[in-house]
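The chains carry the letters A, B, C and D, assigned in the order they are written, with residues numbered from 1 in each.
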Amino acid sequence: MDYLLAGISVGGQYALIAIGYTMVYGILRLINFAHGDIFMVAGLIMVYATTAMPLYLSIPFVLLVTVIIGVTIERVAYKPLRSAPRMSVMISAIGVSYTLQNIALYATGGLAKVYPTIPFLSNTVKIFGATTKWVTVITPVLTIALVLGLVAIIKFTKIGIAMRAVSKDFETSQLMGVKINRVISMTFVIGSFLAAVGSILYFSNYPSVVPTSGSMPGLKSFVAAVFGGIGSIPGAVVGAFIIGICENLIRAVSIGGVSLTPFSDAFTFALLIVILCVKPSGLFGEKVTDKV
Amino acid sequence: MESVLRLCDITMQFGGVIAVNNLSMEVNKGEIVALIGPNGAGKTTAFNAITGVYEPTNGAIYYKDKLVISNKPRGKMKKLYAGENNGKYHTVMSKTPDKLTKLGMARTFQNIRLFKSMTVFENVLTAKHLRRKSNLFTATFHLNYKEEAKMRAETLELLELVDLLDVKDELATSLPYGKQRKLEIARALATNPELLLLDEPAAGMNPQETEELTEFIRTVREKFDITILLIEHHMNLVMDISDRIYVIDFGKEIAEGTPAEIQSNQKVIDAYLGVAEEDE
Amino acid sequence: MKILSPADKKKNTVCNLIMFAALIAVLIYIDATSLSVDMIVKVLQKGCVYAIVVVSMNLLNGFTGLFSLGQAGFMLIGAYMYSVFSVDNASREMVYSFSGKPVINFQLPIIVAIILAGLAAALFSFLIGLPVLKLKSDYLAIATLGFAEILRTIIQWDKFGRVTNGSFPISQLNTFKARLADTAFAKMSFVIPFFIVAVICIGIITLMIHSTYGRAFKAIRDDEVAAEAMGINLAKHKMISFVTSSFFAGIGGALYAVFVGSTNAAPFTSALTYEILLIVVIGGIGSITGSILASFLYIASQEWWLRGLDSGTFMGITSPIFRNGFRLVVFSVIIMIFVLFFRNGIMGDREFSSLGIYRAIKNLPGKIAGKFKKSKAEVQE
Amino acid sequence: MKKIFAAILCVAAICASFAGCGGSSSSSDTIKIGIFEPASGANGAGGKQETLGVKYAHDVQPTVEIDGKTYKIELVEVDNQSADDKAVTAAAELVNKKVSVVLGSYGSSVSIAASPTFKEANIPAIGITCTNPQVTENNKHYFRICFLDPFQGSVLAKYAWDNGVKTAYTLAELGNAYDLGLASSFKTAFEKLGGKVVAENFPTNQADFTSYITNAKNSGAQAIFAPTSISYAQLIIEAAATQGLKIPLYAGDTWDSNVILAAAKGKDVEINVTTFYQEGGNKEFDDGFKKWLNADSSRLTNNGGNDIVSAVSAMGYDSYFTALEAIKAAKSGDAQKIMDALWNVDYTGVTGQIKFDSVNGDAQRTVAYIKAADNTTGEWKFVKEQGVN
């Protein structure tokens, strides 16, 4: 039960990050390697913000600043490369990730920062015989609520329709008068916003922020996005929950007395490779064939 | 007559759409055969099935009377299949494009696909890689220098033949459109093919260039003694050089015959109504 | 893309030979006059190690167009393969004291162990390549990255401790210096051996790129569909490139172990791969000389020239912002500048030629006179 | 444009190389001591606290008197970034700056990587808190003033056994030699005493320890031994508190940090650590060090934001005076002479007596201090001195 609960909670947090990956990939065909680091930066900003202002101000502040950072990164590092080969853009993403980590390292001096306690979220609660924090219970609920909201936006608003159009065919929608740059900025706004929410939930649960905090959750969320079929939002959410639960369950098993705990991360990657080889389009993804 | 390429009941179905329907055709040695049809008739799809890019849903392809591609409705297609001759073919066999090229089929592309970073000379030289005798070791340590020298000499010869020798050190993509087409053909010829497949070689050319190309294709056939299958929209070119013509519409063959026969075929005229006029 | 005339070719060869001879003379001089622990020696050694790995990655990413991020994983295999066969016999029990009795209890000659390291990396890459090489660009990248992480976990697993020493470092390794100490080459045992290995490795890669196989690689990079239509077997050629690249990454890893003197799986993370990739970009994707140049520049600035940024005083300026970590910030900014504004790197996809330098020097007065933009460095295919 | 840029880059590089080379002139009345510590990377926090100890010692005693002449001591700091390959060049940097003796490092693998460089340069190194046996074994230039992993593991095993623990659960980071070294020594010693050990490892960058704590509970352990680095420690404490873990957490010297106290404050977890030094053990040192820390805000930041004395700082302090003793005994700033003199140094510092054994140059230590975290005051409580037997 403990494992399952932990899995669902982690899954919810991965889901929020995975949506950012999947949306950016859907529109720009870019693995935004820096997304995990945006998540980490959001955590650090929270640490610094709470020393300067009360909690009810710092949470919206963090959300706002993270969104600004996300959009700025897009403007500075990805926009100039829009017509460049895909490899260049991806290298730029890696560069951004490297830069964010180094700036964080410089700012923190390499010390682990303790994440502030948010009173309600950090209280403990007992359900089904397992003791845990409120945040664990809230995460999946909040995730699903946010995703439903997001799906509504994409389905019914004008910008949502534009997003879907762009992800189907970049050039044509541009010719049809869709303001590409606005759509892309909006994607980064939503992605960064969800990453910031995810970071509040994640770090309330695991209250230590180091410059590399973002890389593992980032990678795993990406795996989740691929698992669910990259470009598909429900796919990313389902994938994230599956990965979260699986990696926690694997810690509970041991084969012939040999504990498999060291392989919980390796397992995620193995899963990724298997999916890529067997069904590259993921659970909910569309199959794309190359045109000759 | 010696058969070079034979298609038997080739059907291509994407989801519920049948792009090529039960197409059978034959190309004999030394012939120039054209495959024509209105836009969206399934010509390029058929072409891609022949060259191994797509796997046909049903049917078989023989190259020089040897089975090279064969398929039957499988997997999802088992239920979805809406074409004919279900159950006629049993073997599942699909050779990748490179294997087919090795057997002696070479192709060009509708939207020119040259190696962008290479010069004209290198583009052709690269195609020579296929017929190498050296292995990785001898090639790396340049123990195959004789072969390499031969490759280079042959490339120069070929370039001279297609009249591209003067631009051999230019970047391939910097050439004018017509020359890029020629270069693509030269590159295909460098693989020493017996069957040359040309996918709309005159696309985007003006009448004068088209005329030159017609002449060029003819020269190529004579000099290299090869068979040619081409898809084309330019009726002048097709009628000028083809020995035989296949016409397809909605994926199905509607006529076959000499240029004269085709020109007078009512079915063809119906299918092309307006289209042919517009094209000319 | 200028083709040299025969006369120029001859001149170029002469220039190359002179340059190479001069380089060797300089290295011999450095080896003879420096201590083995001088910064210049360490930087040159590490530069050689990186040059091999960077060029091997360029073969894959730059020349074949396969975006693979598994380099650190193959270096890891190389480093461990080398290390388990190179522990000093007398110290082996001590090194493995936490892991139990070592399975491999003999030492191989240094060169044999290095080659073995390359072969092991090549073997693994072959096995990994079978499933993943079918994947397209970014998926390939993430899959190879994943494999590298899995490999690291496996190596660190205590169940293999008797071979790999689990998570504990393997120290007391064989070094060139120790081997050559009592020979006539004692004074040439610092940089020269690293240099020789690097020249051989990079030489082989260069020869391969200039062979008919190299052309096939470039064809795959330029247009996969067209390459396949020209009869190039994609699976086979991608595999050749992948395995070759990994072989040299493995050798690079082994040399890395020689350089550090001990081996530990922890540094071989994806961060190392990113670092190598960024050097490839700085040098120019598709340029061998660019990669080499960038490797040495990168290592020298990181380890040596820019150190002042961390310790408070840089180029005579003292400022409180020069504290720990600032060097890395400056570094990442430089890299971003390259990625965004100098996307072709130092060399683009061209190569450096000594004839070009010779001409540049000859033309220098004229250039200063005003023709600034004209022909600073001639380039050659 | 590109060429201009390349030219500028080259010029900048050349200038930088001059800058890098310059500024290391040494005069005859200065003796240089190198500080080889991580200031970034995984062990950055600990390395900084250790460096603070050395710097404080230097402020206390910035000179040394040899034969009536006063020599100034100059500290040369490098950052080994907690990475093996960076450690090699960082060590070379120290050698090039002509230091006479090196202090450090926090973390064993960097010390092992740097060891050949110091050996070739014939410079003695004094390990402060690198506890892996490989650091000093089979070489004559690397000394160390702390105890070793097997000793520390055994001490904790004995302590646990004495407190009635029959089954213990160990948790270590995969790939971290320090963690696994302690865990493995603990296991060996504890099993020898008759106990049962369930050992598990977690991968690097792990943040979610819920499942591990659950595993520990399910294994029926009466204590968890988690000798991890500080950043994981925070997360483990958090997870343990959340899940209402009723069994004590044991750890090694890394956990002896004010960061742990901050993390544990107000939470219902029991934490016991072994350490080299007990705050309050030497009032003069404690007061002096605190005053020194509070005099400069950057020092406070490097200490983790408050003025609690960490054991590693005390060790750093002692390492400096050990080096001074050796310099005095050698009557010279010559590296070789200092190395020879170190074998006979017998110095009693704030962390106890330091005297090196004649085989590997390890300090002979027979007891470690056990401390427990007081979660209401946020301070350490001294429990006992614990030996192996």
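Please note the rule applied: a residue touches a chain if its C-beta (ideal position, glycine included) is under 8 Å from a C-beta of that chain, and two chains touch if they have at least 3 such contacts.
Remember, it's a predicted structure, so these values are computed and weren't measured experimentally.
Ranked by how far their CA centres sit from the centre of chain A, the chains are topped by B. Nearest to the overall CA centre, using the mean of each chain's CA atoms, is chain C.
Interface comparison, B-C versus C-D: the pair with the greater number of contacting C-beta pairs is C-D. Centres computed as Cα averages put chain B at a distance of 43 Å from chain C. Taking each chain's centre as the mean of its C-alpha atoms, chain B lies 71 Å from chain D.
Averaged Cα coordinates give chain C a centre that lies 33 Å from the centre of chain D. The distance from the centre of chain A to the centre of chain B, each centre being the mean of the chain's C-alpha atoms, comes to 47 Å. For chain C, residues that reach two or more other chains under the stated contact definition are 153, 156-157, 225, 324-325, 328. Those residues of chain B in touch with two or more other chains are numbered 53, 109.
Within chain A, residues 105, 109-110, 215, 262-263, 265-266, 292 each touch two or more of the remaining chains. Considering their complex, residues 38-41, 44-45, 48, 174, 199-203, 205-212, 214-215, 230-232, 234-235, 238-239, 242-244, 259, 262-263, 301-302, 304 of chain D touch chain A. In the complex of the two chains, the chain C residues touching chain B come out as 1, 3, 204, 207-208, 211-213, 215-216, 218-219, 221-223, 225-234, 240, 286, 349.
On chain D, the positions that touch chain C within their shared complex are 2-3, 5-6, 9, 13, 15-17, 19-20, 23, 39-40, 44, 77-79, 83-89, 91-93, 95-96, 108-109, 112-113, 115-117, 120-121, 132-134, 137-138, 173-177, 179-181, 184-185, 201, 203-204.
Taken in their complex, chain C has these residues touching chain D: 35-39, 41-43, 46, 88, 90-91, 94-95, 97-98, 152-153, 156-158, 166-169, 171-172, 175, 177, 256, 259-262, 264-267, 269, 297, 300-301, 303-308, 310-311, 313-316, 324-325, 328, 342, 344, 346, 373, 376-377. The touching residues of chain A, counted against chain D in their complex, run 2-3, 5-6, 10, 105, 109-112, 114, 124, 130-133, 202, 205-208, 210, 212-213, 215-217, 248, 251-252, 259, 261-266.
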